[in-house]
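Below is one structure. I have some questions about it.
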Amino acid sequence: MRLFAALVLLLAMVNAQAVDLEGDQLARYHELNAELRCLICQNRSIAESDAPLAKDLRTIVEKQIAQGRSDAEIKQYLVDRYGKWVLYDPPLDSATLILWIGPFVLLAIGLLVVVLMMRRRREAPPERPSLDRDRLTRVLDEQTQPTDSASSKERS
Amino acid sequence: MIPEIGQFALILALGLATLQTVLPLYGVWRSRADCLAVAAPAAIGQFVMMGIAFVALGFAFYANDFSVAYVAANSNTQLPWFYRLAAIWGAHEGSLLLWMTLLACWSLAVALASRTLPREVASCVLAVMGAVSVGFLLFTLFTSNPFERQFPAPVEGRDLNPLLQDPGLVVHPPMLYMGYVGFAVAFAFAITALITGRVDSAWTRWTRPWTTAAWVFLTIGVTLGSWWAYNELGWGGWWFWDPVENASFMPWLVGTALIHSLAVTEKRGIFKSWTVLLAITAFALSLLGTFLVRSGVLISVHAFATDPTRGIYILTFFAVVVGGSLLLYALRAAQFESGREPVAALSREGLLLLNNIFLVVAAAGVLLGTLYPILADSLGMGRISVGPPYFNKVFIPLTAPLVVLIGAAAVMAWKRTRADVLRSRLWAPLLISIAVGVALPLLTVGTGALVAVAGCVLGCWAIATAFEDIVRRSRGRRVMLPRNVVGMALSHAGVGIFVIGVSLVSGFGSEHDVRLAPGESTEMVGYDFTFVGTRHVDGPNFTAEIGDFIVRKDGEQIAELYPAKRRYNAAGQTMTESGIDIGFTRDLYVSLGEPLSGDAWSVRIYHRPFVRWIWAGGFIAALGGLIALSDKRYYRRRATADKAVAVDRGLNPATA
Amino acid sequence: MMRWRLIVPVLVVFVLIVLLGYGLTRRPDILPSAFIDKPAPAFDLPTLASDRERISAADLKGSVTLVNVWASWCVACRAEHELITAVSRRTGVPVVGLNYKDTEEDALRWLGRYGNPFAVVAFDPSGAVGIDWGVSAVPETFVIDAEGIIRYKVVGPITREEMNATLIPKLEQLKGADS
């Protein structure tokens, strides 16, 4: 079995298509491929495309990983050639500031509103008893006026 | 002849939809009962006309009537009959027809159920739905007529896009559209509330089942879409954060928020204007999805062939419907402001408020990521891509807290819950979920990825707390638990199952590219894949190279897989059909790359642990919604509710 | 009574509609080159059908040049072939071909059959230079000024409208600046 695996590996080295990386490097290869856009496809990463360009780019990624280049260097190499369009994971810079912090700013605002809603009530003791719907319902139910009781039953 | 009948039916449907809109609104304005009474019959008539149009197009497909341009473009005599029928919604024009037909179905359902609603409310709801219909019918008749003829008729059709020739096409779009369109009902109720100025518990009680029903369909539709993409795209992925997928996901997120906020509005009478806003937003996002798929502003795997004039029309329609609704909201929603109702931090409404914040912010995050390329371009910041890495980084921190909240959902009482009650009820589920959440990956895939194990614990937490609630409530009870309680627990457990699936497949999934010649084999996570060889097979409308693979574990054969490369005759496109061995704890997924030198092929092998749990979770959540929908309280009090409201508003109960 | 909070949604949607309306005026599938206003990437390739002669980026300097990336297997290249010839004839700008991922035999046969609009053709069978130039889809056409700076790029086949409306004016303008 091991011999077989070795044979497969050997064959893989001959052919550009199968990947000749192992362990961490292989994991990096898959990760990088998933983060790079196949420029001519309908919104797919180069990991997910059979287009010739995607294959070329995968080969470039593989070669550069084998040469010991870092992920950032490989990405920069591609950005130099194809622009930031090639990156599915846009780096944080002035152009993507809103993109990256927007949702969290929104969340902060939302949570602030929640905190204010909860705090405000407790700090300000109600000057008159607030409208207690359940109690109101009960009170209304006890009354005998048919019109009121009909509508209040609905709320219980 | 038949296509002309279809087209004529569409025109009549337009007339009826116009009646359905104009007269009832006039009736509401002038309190004219006779005008109000038009709504339901007009809606029923519109449904009949849409049905005729739909059947007419279906017949044209079935009979291979290539004089109909849409049929010729999307079908072929070699196409099996079930795909010919499903091809009705295989492209822009027909899918729009499906959209409108389903809207007519929902209108019909509202019209039939309207006997239990006050006439004014029912008519106003139908009028709003009619207005949506009018917009789409005009769009169809003027820019996207599916019945357009071409002469001379071609002898053969161009065939359905091979990507769509999958059982997924038969069920996924109708389900998804039922969900999309279903939010039109909640939307119509919201507009009615703004017009009539009433958001009371009767209103929420009517709105809730419709919203839940739409949500159930949308949940099934999105889940099916994910399952389909996994089977059909051939890359072992189950969610791609594609703009079109996001377009279906955003209404789901807001719809989920709406369901929860409706619960608060019904029980506590607060968050009224917020609930109305969510109902408008959920439908607005459905319309936005329609725009994104059909306008070509974004690049997507799933987009229809696009055309800027369609984009302009839908955008205008979107502006009128959504802009108009929100303007109405700005003018009229102030009356729903509930003033100083207390919201305690430790209370169910406090919890649901947090739930709403997280869901809505998550939806906003998806929206921002989806549209950011346009925004960056319009601000002159160049062309950038926003893809899965962004969405995963932003979406997970925004939704993980939601799963934590789910655990507290059942325990929290309305108004106020004591902290010691929470503690006493939650410690056991907490310990169980940590134990099971760690043990499950440990026993199956290992514990290498810590984040994934944490996700697994989180998923177990949702399941354990839901289970605890059911056990505790049914202890010492003879009668069945209320269905909405069971439904909620089941839906929350479904979310837990989904979270476990997502965590484990993301954390422990692996893939392998190899070159295999016949007879060779490769090993992956303990499984041994042997490539026997390929054979040539002729399908109904394609030819295929099928690869035979034998999978062994510890020397024993456990599966045979047949991934294939299909070449479709009509257009010559090549499609990858993956070979999948389905399992409870893992899928083994093989897809053929392409032939290399000799008889060898490049082959991709994927190990996808717990991937089935993703879809199981989705379907279980939908089932929970379905059970909640069958709760008696939505039906029991209809008659009295009707009378109550009628009396309340000084109308004569006899006419309501 | 109107509260400002209630106006927020309609404002958000207004912004959204403006944004989407702008989106409708753009073509998302057309990519601007990363090289606009940057020097042409370095390369050094043999010319087609000759063993000795080579062409490099330095040879592009000195006059306005058009670089056309093409291949014999590319259907769209056949479609724009006539227009490339026309541009060259009308403006007097030399066209340097970059034969991309092709075989020498096929490329020569293609030129023999349809005519050769190129002053010189660089031969790039591996496509390595194509990647350095950021080529994503063949054909692509680069406008390079006398300093060797890339000033404009057309992705996909040139259309007649594009040729008359942008390409030729661009070339004339650059030539004017040069002289």
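In this document, chain identifiers A, B and C correspond to the written order of the chains, with residue numbering beginning at 1 in each.
As a convention for this text, a contact is a pair of C-beta atoms (placed from the backbone, for glycine too) under 8 Å apart; a residue touches a chain by one contact, two chains touch by 3 or more.
Given the structure is predicted, the values throughout are model-derived calculations rather than measurements.
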Per Cα centroids, the chain farthest from subunit A: C
Leading chain pair when contacts are tallied as C-beta pairs: A-B
Computed distance of Cα centres, subunit C from subunit A, in Å: 35
Whole-Å separation of chain centres (CA-atom averages), subunit A against subunit B: 19
Centroid distance [mean C-alpha coordinates] between subunit C and subunit B, Å: 42
Contacts with two or more other chains, residues of subunit B listed in rising order: 298-299, 375, 382-383
Multi-chain contact sites of subunit C, meaning residues that touch two or more partners: 31-32
Per-residue overlap in subunit A, given as positions that touch at least 2 other chains: 83, 85
Partner subunit A, residues of subunit B touching it in the complex: 200-202, 205, 233, 235, 237, 240, 242-243, 268-269, 298-301, 303, 340-345, 350, 353-354, 357-358, 360-362, 364-365, 368-369, 372, 375-376, 381-390, 393-394, 398, 511, 513-517, 520-523, 528, 576, 593-594, 596-597, 600, 602, 637, 640-641, 643-645, 647-648
Of all residues in subunit C, those that touch subunit B in their complex: 1-3, 6-7, 9-10, 13-14, 16-17, 19-24, 26, 28-29, 31-32
In the complex, subunit A residues that touch subunit B: 1, 4-5, 7-8, 11-12, 15, 17-19, 30, 34-35, 37, 42-45, 47-48, 50, 83-90, 94-96, 98-100, 102-104, 106-107, 110-111, 113-114, 117-118, 121-122, 126, 130-131, 133, 146-147, 150-151, 153-155
Complex contacts: residues of subunit C adjacent to subunit A: 31-34, 41, 101, 127, 131-134, 136-137
In the complex with subunit C, residue positions of subunit A that touch it: 39-40, 52-53, 56-57, 60, 79-83, 85
